[in-house]
Structure formats: structure tokens, C-alpha cells
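Below is one structure, written out as C-alpha cells, with a few remarks after it.
Chain nomenclature is as follows: A, B and C, assigned in order of appearance, with residue numbering initiated at 1 for each chain independently.
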Amino acid sequence: MSALLQYVISGLALGCTFALVGSGFVVIHRVTRVVNFAQGAFPVIAGLATASLLTRGLPHGAAELVAILLGGVIGLVVGVVAIGKPGTPPLASLVITLGLAIFAYAVEIIVWGDQPVSFPGLSGTVNVAGARIQQQYFLVIVVALVTFALLELFFGRTYLGKGLAACASNPYSARLVGISVTRMGLVAFALGGVLGGLAGVLVTPLQAVSFDSDVTLAINGFAAAIFGGLMRPMMALVGGLVLGVAEALVAGYYESAFQTEVALAIMLTLMVWQASRRSALEEA
Amino acid sequence: MNRPTFGYAVAALAAAASFAVPLMLDRSQLTIFILLGTAVIVTTGLSLLMGYAGQVSLGQGSFYAVGAYTAGLMAVHGLPTLLGLAAAPVLAAALAALVGVPLLRLRGHYLAFATLAVQLILLSLVGQFEFTGGDIGLRGIPQLGVGDATLIDPLAYAYVTLAAAALVLLVTRNLIKSRPGRGLRALASTEVAAESAGVPVGRYKLAVFSLSAAYAGLAGGIYAFYLGYISPGSFPVLLSVQFVVMAVVGGLGTVWGPVVGATLITLLVQALNSLGTMPGMPAYAPDVLSYAVYALLLILVLLFMPRGLLPSIGSRLEDRRAISPTRS
Amino acid sequence: MLEVDDLVVRYGAATALDGVSLRIEQREMVALVGPNGAGKSTLLNTLSGILRPAAGRMRVEGRLAQVPEGRQLFPDLTVEDNLRLGAWRSGDRDPGRVYRLFPGLMRLRRHHAGTLSGGEQQMVAVGRALMSDPDILAVDELSLGLAPLVVADLVRHLRMLNEERGMAILLVEQNARLAFDICGRAYIIEAGRVVASGSCAELANSPEVQRAYLGGSTDEYEEYDESEESEETTR
């Protein structure tokens, strides 16, 4: 029983980080129609950067904040390269983000080396119904939930958020009313970078990251995002939580080597199901 | 010189050169030559897929692996090696046809992720199974041969690779020039237009996907016999990315683009490797250099020569010829 | 108010506007009439800054807002959000002035724009354009797919905006009879060139214009077929 509770809570926490990475995919895709293959680089860079900033003596909080902002800046740079040049078709933008993901490898290895890096998060544990659970898990869950609430407010209540939604809804009309769709796309990339950076800062104390952790992070995030068809941030949260718990249970009761395969299989099934539903709608 | 004869002349020259080159190479250079040949074969298929079906596959490495394991396993179990080599592309194509039915319904961006997922799943399965040798891999794959005569000389493998590459290029060229090839070109411009012009879009996409997988499988078979040892680690995701880079850099949907792309990238990576392993360089230098080069080439070509190196230079030459007075 | 001289606009190699010149004076209502593919929407999109001209000059005094062909709302946003986004460039985001003009929209303000009827959508589209407090309103295919009564109501509003607020209006219409009825002057554009212009009364009496644009049944604009209707609901 206490083992189950432990798996569920750790799964929820992990799922929250997937959801944050996934919401970055969603925000960028909604506004620009580009699937950002460099999305996994944001959490990696933020995690690595936090670790070095902490060893340089920056206090907790400040180090994380700087790393998250760094994620935003890198998101912006990725955006500029991927969609900044007018007339770049979305498929080219996608392959460009793939190139940037590989380029990030080179930079990360030079700056941080190729060994996994971690840093301590919240150290205490909490006793929940007989299970001892690390406080960091709760921190991750709370921060993620607050972030999603803020994200919802941002898109639902603010004028800038509506402008982003307008670009997603009808780019032609967005331009007509004077919204610069490219500039909004860059805002989306920066926001995607911040969300990815936040995920990295939260996850690194739980699992060490190295330059090539981006594949796992991106795959899980993408799988979470697929729950909402890459269009709805809130569904990415649901997707992330489902994935996280499923993976934790598989790892706990069966075989931890199959953790990512669970995400991959769910992702493939969902994508194919959504595609067949879409074509069924089109045929009707 | 008009265009077709010019093309034939280049082709003949390239053929002659590639037949002569292996004779001048030492052992390690021959290995590079063989890897280059297999890369040309895989990239030709991927270029067809990207250029004509407008689909990005980040999973060509998985078909390469399927070919390698098919050939390797059959040979290890005592079946004739030539049969193994023939089965490699067939099984790879069969797998592509199988996963292609659901996956090709996905739009471009999703397919890229889906093929990546297929490769990751495949690698992890191969790493789990007993009969594939698990994570340790498959050792002692016999040499390619007929009966008692086996190829042990790398030079012989170089010519086998060359022959396979020539075959693949010939098939591709004929396909592009054929009637279905023209249908495919319609597919490349827009799917809706192709559909309304009566092109069976779904079936064509699946056919190109399977063909590209067959090419990758064939290349994987050669690779397995030449090295005699394969493991899941031989087929990382980065290998698939590398094929994408080669295809994009060379130019999509052309016959010679993949040759140019694969050659350029292979030679460049080799040069950087020797640079990176020079004394005084940090241990990570070769990796970092090759990542940076893949990335920068991919990005720069897509931004500034979106049709790829070969077509862009080709059309520039064409422009020059168009304004020169000798052209009537 | 608006001056366009020798405007050339291309889509790749295809020339859509080939030396178009046009004037609109203060408080004027001007019609732009022409067959499908003549370049009317291209002209409006160029005036709105969405397309870049290859050659020629244009000068807009004050602000120009466009009601695009087929409404082009943000279907998954609410009516109110659609209106508020119309003020992206200008300051005042309060949609009250649009609700006063179209009181019917008040009731619908929390509805998603995509769920509205064609006529209601056209009101939102006009309202969204008005939110930028334009000096010139360019309306592309006002009557497209709408019932005559709805069109008449919209026309009444346009007239009021023109007469009471002094807004200049450029009205693109396939239905020349309707356009000539509303406007004082008109330009006729074919294959990217202005082929005739002048007062609507004059043009309506010219035999060529009558044959090409005013022929057929007198209540032509009631006969929009299904295909056009369905075309503009999918964006």
C-alpha cells in the first residue's frame, strides 16, 4: 500500500515535469505550427546551468530563476533561427529545430561536459499514510499546478495571451488586425523555453541530467502534449500525469527499463487514433 | 553541351572514379569508403521520401538496424549469407509497410516523432531479446560469400557496396522518370492536388516509405557482414539524424543529391575526427565537432539553400549558361 | 483620403495587380467591382499591409481597417475577444461602441464566434474592423452568402457610419447592382487592371457594364448557391 502511494506520488511529480515540457510544445505549436525538436534542450540546459550556478555560490531560488530565464532566452534564439526568416516552410522549421537540438549537444558538452549532473532539491521527507515521500516531489507538483493555472490565466485573461490565441486561431486575421505573427511566434518560443527550463530545474534534483537526456524529456513531453492534440495546454497536464503515473507503476512493479517504452507506445497509439478520427471526420 | 549528355558524362565520370578509387585506398580508408557507400544507399531512399512524399523520417536508422539484424541472424544460424543479404531489404520493407499503414496517416510533424519513437522502441526490444544478443549484440557474423568462397578482403566489400549503390541509384533514377514517378512529383507539390489528379496518395506514400526502408535494410545487411558485429549501440538516433542531414544537404528528390550529401558529410566528419583526435585536443572534441558540423550544415542549408547544395549550385550554373550566348 | 498609383502586386511569378490607380476622397463611398480573380481582394490586402507591392505608390490618410472576404473571424474565441482584438493597433479596447451599433451582439458576446450565423459573423467582422476606429473601412464581399434582409441591414449600418461619422468606405462587391446602389463612384477591375471608373449612375448606363455586370435577373444577389456558402464557412 505504501509502496503504491510512493509510486503514484513520484509518478505525479515526474508527470508534472513531462507536462511542463509538453506545454512548451503546445504553446509553440499552437502559435507557429512548428513542432520544436529542440524542446528537450531547454530543461537540460536549465538543469545543468542551475547546478553550476549553485556550485558558484548562488543561493537556491536565484540560481533556479536565472536558469529558467536562460531557458527563455534560448527559446527565443531557437525561435529566431527557426521562424525568423520570412518564408521558411513549417517542415523546414522543424528540421531546423532538430539541427538546433544537435547544436545544443556541442555547446552543452563544451560548457558542462558529458557526465550526468544533479543538484540537491528539497531534502526532507514527509510521512503520508506510512509512506516516506521526498518533499521535492511535492514541490514539483505544487509549482507545476501553479504554473498551469497561471498559463490558463495568461491565455484566457490577458490581451497578449489573446493575441497569441488569435495567431493560433487565424493567422491571416491576426495580421489583419495588426498582430505581428512572427513576433508572437517568438514570444511563444520564449515561453516554451521558460516552461522547459522550469521543468529542468524541477526534475534535475530527482534525476540527474546530461546533454543527451533531451531525447527522453522531449519524447515524454511530446507524448503528454499529444493528449491535447498539441493544441491544448491543460490536456498536456492531464497527459503528463497519466504518463508519469503509468511509468512509475511499470517501473515499480514490473521493469524500470520499460519506462520510456510505455510513453512511446501511448504516444504512438494516441497519434494514430487521433489521425484516424480526424480522417473519419473529414470523410463524413 | 545539352543537359542529358552533360548528365551522362557526369554519371560516367563518377562511375569510373568510384571504381578506381578503392584500388588506391588502404584498409581504414576502405572502411570509410564502405560506410560512405551504405550512407549513400540509405540517404537515397530518405531523399526520395522527403522530396517526393514530403515526409520526414527520423527512423531510417531502425530500418538499417532491421536489415543488419536480419542478415546477421540468418548468417549466424547457418543460412547462406547471400540469402541473408537478400532478406535484409525485404524484411526492412515489410516492417515499413506494417508500421507505415497507421503511421503514414500522420501529418509531417507527427510522423517525424513517430518514426523516432519506432526506432527507440525497436532498439530497446533488440536490447531485451535473448536471440538478438541483447545489449551486448550479435558477434561472429560470418563473411559474405557463396559456398566455400568468402569475401575477406575489404576491397571486395568495397565493390559489393559500390554495386549495391549503383543498383539503388539506377532503380531510383528509373522510378523518378517513370509514370508513377511523375505522380509522386504531384504528391510533392500538394497532396490535395495530387489526390484530385487521381494519384492514389496513400498507396504511393506507403510504397515510397517501404522502398526507402528497403534501401536502408540493404545497407544494413552489408554493414553487418562487413563489420561482423552489431549491437543496439550501432544504431543510435543520431545515425538517423545523420541521414536526414545528408539528404537535406545534398538536395531532396534528386538522384545525385544524396551522393553529394553523403560524400560531403562523411568526408567532413572524417576530417574533423582526425582533427579532434589530434594530441592536445580534449577527449570530447571529435563528438563536439561532428555535432556542430551536422547542426550548422543542416541549419545553414535549410535557411539559405532550401533546395539543397546540388540543385542550388546546379541552377546557378544553369542561369549562367542561360545568359551565355553559346546557348541557342 | 486614399491614393493608389500604378500599383503592381505579384504572387511569385503571377501578376495579380498590374498598374492599378484609385482615389477615395473624404466621406466617400466607393465601389470596387469585378469578376472572380480580378484582384479585388489582393488590392485590399495590399492596402491593409499584408501583401507588399512590387511597384507603385499608395498613401492612406488616417487608419484603414478591412472586413475580409469570408469574415475570417477567430472562430474559437468569443465574440467579445474577437472585437477586442480588433483594437490591437489602437488604444481603446472597450467594445461598448460596437454593441451600441449592433445591439444584437451584446447577447452573443460570450459565444464562440465560430458558432454564430453568417449574418451575425459579418456583424462581428464589421465590428472588429470598427474597433480600430478607422477613417477608411474596406469591406470585401459584404453580401457573400447572406440573405437579402441581412444584407440590407448591414448596408444600413454602413450608410450610417458614412453619413454620421464621416467614414470613407471602399466596398468590394461581386454584386454590381447592390454596389452601384449604395456607392457614389465605382471602379471596375478586370485581370488586375482598372477597366472603367466613374460615377455609379454613369457606369450603370454604359452598355458594356450592363452586359457584363448587370445582366441576368434583377434580384441576382439572392441567388447564392450552396457551394459558395460552404466554402466560406471552412477557413
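Just so it is clear, a residue touches a chain if its C-beta (ideal position, glycine included) is under 8 Å from a C-beta of that chain, and two chains touch if they have at least 3 such contacts.
Because the structure is a prediction, the values reported are computed rather than measured.
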Chain ID, smallest distance between chain and overall C-alpha centroids: A
Distance-maximising chain from chain A - centres being C-alpha averages: C
Chain A-chain B separation of Cα centroids, rounded to whole Å: 32
Averaged-CA centre spacing for the pair chain C and chain A, given as whole angstrom: 43
Centre distance in Å when chain B and chain C are each reduced to the mean of their C-alpha atoms: 53
Of chain B, residues touching chain A in the complex: 54, 56, 58, 102-103, 105-110, 112-114, 116-118, 120-121, 124, 128, 237-238, 241, 244-245, 248, 284, 287-289, 291-292, 294-296, 298-299, 302-303, 306
Partner chain A, residues of chain C touching it in the complex: 48, 50, 66, 68, 72-77, 81, 84-86, 88-89, 93, 128, 132, 235
Chain B-facing residues of chain A, complex: 29, 34-35, 37, 81, 85, 88-92, 94-96, 98-100, 102-103, 105-106, 109-110, 113-114, 215, 219, 222, 257-258, 260-261, 264-265, 267-268, 271-272, 275-276, 279
Complex contacts: residues of chain A adjacent to chain C: 159, 162-163, 165-166, 169-170, 172-179
